[in-house]
Structures are given as C-alpha cells and as structure tokens.
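Consider the two complexes below, in which chain A is the common component and chain B and chain C are the respective partners.
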Partner chain A sequence: MRPGFTDPVQDAQSCFRAVLEAMSRPGRVQVLPDGLNPPAALHPATAAVLLTLADAETPLHHDAGAEADSWLRFHCGCPLASPADAAFVLAAGQPPAISALAQGSDEEPERGATLILQVSALETGHGWRLTGPGIAQEHRLWVEGLPPGFVAEWRAQRACFPRGVDVILCAGHRIAALPRGIRIEEG
Partner chain B sequence: MSEDIKARRRWMGLLARSSHNAIRARLNDAPPLPPHSRLRGPETGLVMLRGRAGGDGSAFNLSEMTVTRCAVTLEDGTVGHAYVAGRDRQQAELAAVLDAALQNAALRPALMGAVVEPLAAQEAEHRAREARKAAATRVQFFTMANMR
Partner chain C sequence: MSRDEAYNFAYLDENTKRMIRRALLKAVAIPGHQVPFGAREMPLPYGWGTGGIQVTAAVLGPRDVLKVIDQGADDTTNAVSIRRFFHRVAGVETTTRTSEATVIQTRHRIPEARLTEAQIIVYQVPMPEPLFRLEPRLAETKRMHALADYGLMHVKLYEDIAKHGHIATSYSYPVMVDGRYLMSPSPIPAFDNPKMHRMPALQLFGAGREKRIYAVPPYTDVRSLDFEDHPFRPHRAKAHCALCASCTSYLDEVVTDDRGGRMFVCSDTDYCETRQAEQQKVAAA
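Moving on, here comes the complex of A and B:
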C-alpha cells in the first residue's frame, strides 16, 4: 500500500483551491504540486483530486484496477457504486457514456455526477474553443486521449441543462475542468 | 472467527490498552523492529460510542471519545493498524508498527515473548490487584428477602 498526501490538511486544501480555479476558469490548466506517489494506474493529478474530493459521503465508481481500488478505499474511505449511482466517476480507460451517469434533477442539479477523466495530455493555446460562464472571450484547450465521441456526447447533454455532468480532466500533474454549462467547438 | 484474527485482536487490544513507555521498555529485550513508512496519521479524532438502552432499545449515541489512530506499512507491504484511546501519537505509531511486525511469522515468536506476553501478564496482575482492592471493601447487605 502506498501513502496518500504527506500533509493531508495542507495538501488537500491546495488541491481543492486548484480544482476551484479550474472549475471557475474552464479550460485553463492548473498544475498541482509534486509529491504524491499513487498506484501505477492513477496519475498524480487524478489521485490528488480524488483524495481531495472523495470521502465517506461520496459514492465512487472507477475502472482503475485492484491496487487503485484498495488505495482509494483506504485513503478516501469512499463507498463504491455503479456508474449510475456514483457522485464521482473515475475513468482511467474508456469512459462510460455521459448519459449513463447521474444527471441530478431540475430541483437539485448539484446531484449530477462529476466525471474525472484521466487523459494523456492537456495543453492550452490550441485545440478546442471553449465559451461559456467563466470565460471572457474564449479559451483554447487541447486534450489528448479522449474517445472520439466525447464532444458529441457533451453537446447532447446541453439540452438537459441545468441537469448534467461536470468533467475534471487530469493528465500527469495538470488538471482542467469542463463545468456542464460550457460550449465546446472543435477546430 | 479464525485463530489468526483472534490472536491479532488480542495483541492489538493489549498494545492499545498499554502505554508508550511500557511498550518501549519491553522492546529492549526484543529484536529490532523493521523499518516502516506511515500510511495515515498518527492522527487524533473523535469516535462516537454507541450504547443500547435496556435489552430491547435501539442503539443511541452515548458519548464521544478521543482516539488516536495510525496505519503504517513495512517494506514487504504488510500493513499495521492501531487505534488507541487518548492522544498519545507515539503509542499509536509504535502499536501500528508492532501490529505489522507481529503479522510476520518469522518475527512473531520473539515479539510475542518479549512484548505481548509480558504486557498481558502486567494487565492480568493489574486487574487482579484492582479486584482484590474492590473485594476488600465489599459490604454485605441483608434484607428480609434473603434472611428467610
């Protein structure tokens, strides 16, 4: 078993701040500090985000294998759930369809799931054009390692707004977020 | 419950009810402890104690208790846990290391002999002494019901 955060309080707070920044400025990449040595299936950023957000009250679904499973259950203490019931869904490999996850309801849209997608690279300056709340003009974000149908699924969920799924993209030590109100244009 | 779990439950309980100094004193006669790294803690928090009113009542929250816990891992991957009443972080860490080391069949006999059994004897002696003290002050009440 590998250890979690060296200083659980400080590290989780600085990671929470990074997630908050990423969520409020969609498409801007935040770099998390070094120092976490998670199981091989998880990138340091993915592991840090889960250690920060998941706890005993947030059911988690993941596809990261047995070592990551025992590590997450020990350090986060989170119950495991099916994709449809989970508050956080970690996809290290092929992600589940966005429509298969918890969407929340019109009265309680905050009950929609957060999808944590582990991708191979995140870069700003080229790639997708993002517009929406939190973005003055547009942000460019280039994501490597997403399945081909992701953008189409993302557009489809806009029809259900305010219901929907938020996405946190993690690659290495870098994170970026796509809250559900964001429009993605390829090009 | 398997014998292994019973034995582990016994030594975890003895280490938790002992004190840092008492365990440390016993370690002088024991083989050196293997190197370890901390997985979690030692950290202090509150645990809710639940009680049951009468024989048929549902569980209710009796009070909160200060508990210090620690989890460590040895180089071979064995994980040791300790939950100790109070705020003694050193005791929690030492108890967790001993719990991990005692799971190793090669180290267990020496550690059981040097640490766990003396602690058990100490605890049994303490309990017997307290019981003798209490027995010396016992008062017999006679009522009409049992004088008949």
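Moving on, here comes the complex of A and C:
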C-alpha cells in the first residue's frame, strides 16, 4: 500500500486552499506541491483532492481500478456508491453523463455531486472562454482529454441552476474547477 | 510563539474541518445559498463568532496572517480574544494592518481599505436567513429561496417607505447575489454594502448557532434591494472623523459628557491610525 499525505493536517490544508482558490476563481489553474505518490491510475492532484475532501461521510464512485480502489478506501475510508448516489465521482477514463449524477434539489442544491475529472492537460491563456461569478472579465482555459459532448452537457445543466454538478479538473499536479454557475463558450 | 501542541492545528479535528471545507466549496459554487453544516461547540458562547471561527479554522494555514475586527476595531474584547485564540491553537502570525492580512475575520464591518485578490474575508453571522423577520418557518423560507420568491422583502421595504418616507434599514440591509439569491450581508452597516459588489477578495460567511455557511465568490454582483424611485442610499453620519478628519469613512458616535457633548471617530481603527500616522509624517517633514 502506498502512503497518503506525509503530513495529513498541513498537506490537506494547503490542498484545500488550492481547491478553494480554484473553485472561487474558475479557470485559473492551481499547482499542488510534489510529494504524493499514489497508485498509477490516479494523478497526484486527483489523489490529493480526494484525501483532502473525502471521508466516511462521502460516498464515492470511481473507475480507477482495483489498486486505486483499495488505496482510496484505506486512506479516505469512503464507502462506494453508484454514480447517482455518490457525493464524489472520480472519472479517470470516460466520464459519466453529468445528468446521471446527483443534482441536488432546488431547495438543497448543495446535495449536487462533485465530479473529479482526470484530464491530460490544463492550460490558461487560450481555449474556452469562461464567465460568471469569480471571474472579473473572462478567463481562458484549455482542457485536453474531455469527451466532445462536454460543453453541450454543461450548457444543459447550466439551465437547471441552482441544481447541478461542480467539476474539479485534475491533470498531473494541476487543478482547475468549474462550479455549476459558470458559462463556457468554445473559443 | 509556537502553537499549543495540546490541540490539533487550528483547534478543530480533521473530520470537522473536512466537513466544513466541503460545505465551503458548495457555498462558493452556489453564491448566496445557505449551506447547512454541523457546527461544533466552540470554547466561547454562541453570538461571539463561533461560525466565523469555525470557517477561519477550516481555511487557516501556518503561513496565513490573521486580522480580526469587531465593529471595525482591532482592540475590542471579541477581536482580541479571537486573535489570541488562533495565535495559540494555530501559531499563526496576527496583525491589525488590513493590507498585511491574508485572512480577515470580521464582526459587522468591512475594512475601509479595498481588499485584494490575495485576501479572504470571513464574516461572523448571527442570523443567516434574511427573511426570518417576515417568515419564521424555515421550511417556508427554504422554499422561497428555491423559487427565488422574494416579493415579501420588497413589500417590507415598500412599507418602510410608506411609513417613514424612506427605507429605514441601516444595517443587515438585504442584498441579491448574482441576481439569484437573497442574502443577509450579516449586520454590517448598509454603508458597507457597496463594498461587497464585485469585491476582488473571497467572502465567506459562518453562522454557528444557526449552522449555516454561505459565500460570495470574487467579482460577483451584489446588489442592495431598492426601487427605481427610491434607490439604495448608504447612510453615513454627516461629520468628519475627530482624529483623522476623514470625510469618507464610516463613523461611530462617541458620547463625551452628560451635557450633549459628542464626537465622531472612524469605526475602522486601522484606517484611522494609518491616516493619523501619515498626517504626522507630513507635518514633521
């Protein structure tokens, strides 16, 4: 079994601040520190985000294979669930449809799932044009490795606001986030 | 001083921090929406900032510089004791300078100095529900938020105008966040409301007794409710600060004797002291 965080308290805090920064300034890329050596199916950023946020109270669904499964269950202690019931959904391969995940209700939209998407690259300065809360004018974000229908699916869920799914994109040590209220234009 | 090792870093246990952190992320993703969380008992009573302290404890790291204000002042009991608390349990550096702080916990004021992207402001909130005086049933206000049905609040403001000729709400003045959620800005003076609009800093709100967390991401529209013919007007005492002569800052009235004597001073002590120091420098030069 590979180890988790070297210092669970401080590492979780600095990772959380990176995720909070990513979520409050969508499209800005945060770089997480080195030091985590998770199973091969998980990028270091994916592993750090789950170690920081998932525990026994958060059902998890993932497609990352057996080694990642036992690693996540040992370090996070999270129960496994179907995509529709999971609080965190990790997609290392083909992601499930956004509409197949928990959306929350109009009264309790916070029950919508968090989708952690493992992608091959995240770059700023070109690509999508993001607008919405957290963004002064617009942020540009280039994401490599998403299925072609993602933006159309995102648009469809945007119409259901405040219900919806929040996305954390992970590539290597880099993360960016797409909270549900963000508008994406392909540019 | 290094921190007190008898406590976990920043007092709360890691399970509680994770729960608060998850709530914070959902709150940021749905600006203005109140997210329930399992508020813990803290070593100070409800009403003294337990919600704000738990939010601060969940975000604080060893490299942060913490500032705590109470009604604008750095030197009142609440501010001093919360600052000392985090100095002891987290070993963080504390400051009274707004510009040096990375995390600012506040009770009922927003500093006069413009906050930056590198800062997080944490509000202590006694009552997160802006509709509670109009509709006491939480199940009902939850539905009103779900439907964005805020007519009741407009009627209340209209009745104010009918009775007093103007909107007679001078603090806790309700705002619309990103055009969707009605939100209580916590009991800050209405004077501070415009500072929340498109603020570069992240704004987090914690209500300990009511067990709610909500947030306003940076650069998000925050509009004070008003009418076309009765636009929102922040109130400020028509006076200068007696100490630094500021004519733009928010002022506290101080009674100086029992014969009607009074003076006005800045509510933001750091702002006032910085201005006084500058004036002394100019006078000395």
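Heads up, the rule we're going with is that the second predicted complex is superposed on the first by the 187 of 187 C-alpha atoms of A that agree within 3 Å, B and C clash if a C-alpha of one lies under 4 Å from a C-alpha of the other, contacts with A are read in each partner's own complex, and residues count from 1 in each chain.
Convention: a contact is a pair of C-beta atoms (placed from the backbone, for glycine too) under 8 Å apart; a residue touches a chain by one contact, two chains touch by 3 or more.
All values derive from a computational prediction rather than experimental measurement.
Participant: Of the two partner chains, chain B (first) and chain C (second), which one does A:Phe74 touch, if any: first, second, both, or neither?
Facilitator: first
Participant: Touch test for A:Pro179: chain B only (first), chain C only (second), both, or neither?
Facilitator: second
Participant: Identify the partner contact of A:Leu169: answer first if only chain B is touched, second if only chain C is, both if each is, neither if none is.
Facilitator: Neither: A:Leu169 stays clear of chain B and chain C.
Participant: Scan A:Met1 for contacts with chain B and chain C and give back first, second, both or neither.
Facilitator: first
Participant: Which partner reaches more residues of chain A, chain B or chain C?
Facilitator: Counting residues of chain A touched by each partner, the higher count goes to C.
Participant: By the touch definition at the top of the document, which applies to A:Leu36: first (chain B), second (chain C), both, or neither?
Facilitator: Neither partner.
Participant: Considering only touches as defined above, state whether A:Val119 meets chain B (first), chain C (second), both or neither.
Facilitator: Neither: A:Val119 stays clear of chain B and chain C.
Participant: Touching A:Ile98, do we find chain B (first), chain C (second), both, or neither?
Facilitator: neither
Participant: Which parts of chain A are touched by chain B and by chain C alike?
Facilitator: Shared contact residues on chain A: 8.
Participant: So in the complex, the part of chain A that touches chain C is made up of which residues?
Facilitator: 8-10, 12-14, 16-17, 19-20, 23-25, 52-53, 55, 57-58, 87, 105-110, 112, 114, 133-136, 161-162, 166, 179-181
Participant: Across the complex, what residues on chain C touch chain A?
Facilitator: The touching residues are 8-9, 14-15, 17-19, 21-31, 33, 35-36, 58-62, 117, 142-143, 145-147, 178, 180-181, 198, 200, 202, 215-220.
Participant: Provide the residue numbers of chain B that touch chain A in the complex, in ascending order.
Facilitator: Touch residues, chain B against chain A: 37-40, 43, 71, 73, 77, 79.
Participant: Using the touch rule from the top, collect the residues of chain A that touch chain B in their complex.
Facilitator: On the chain A side, the touching residues are 1-4, 8, 74-75.
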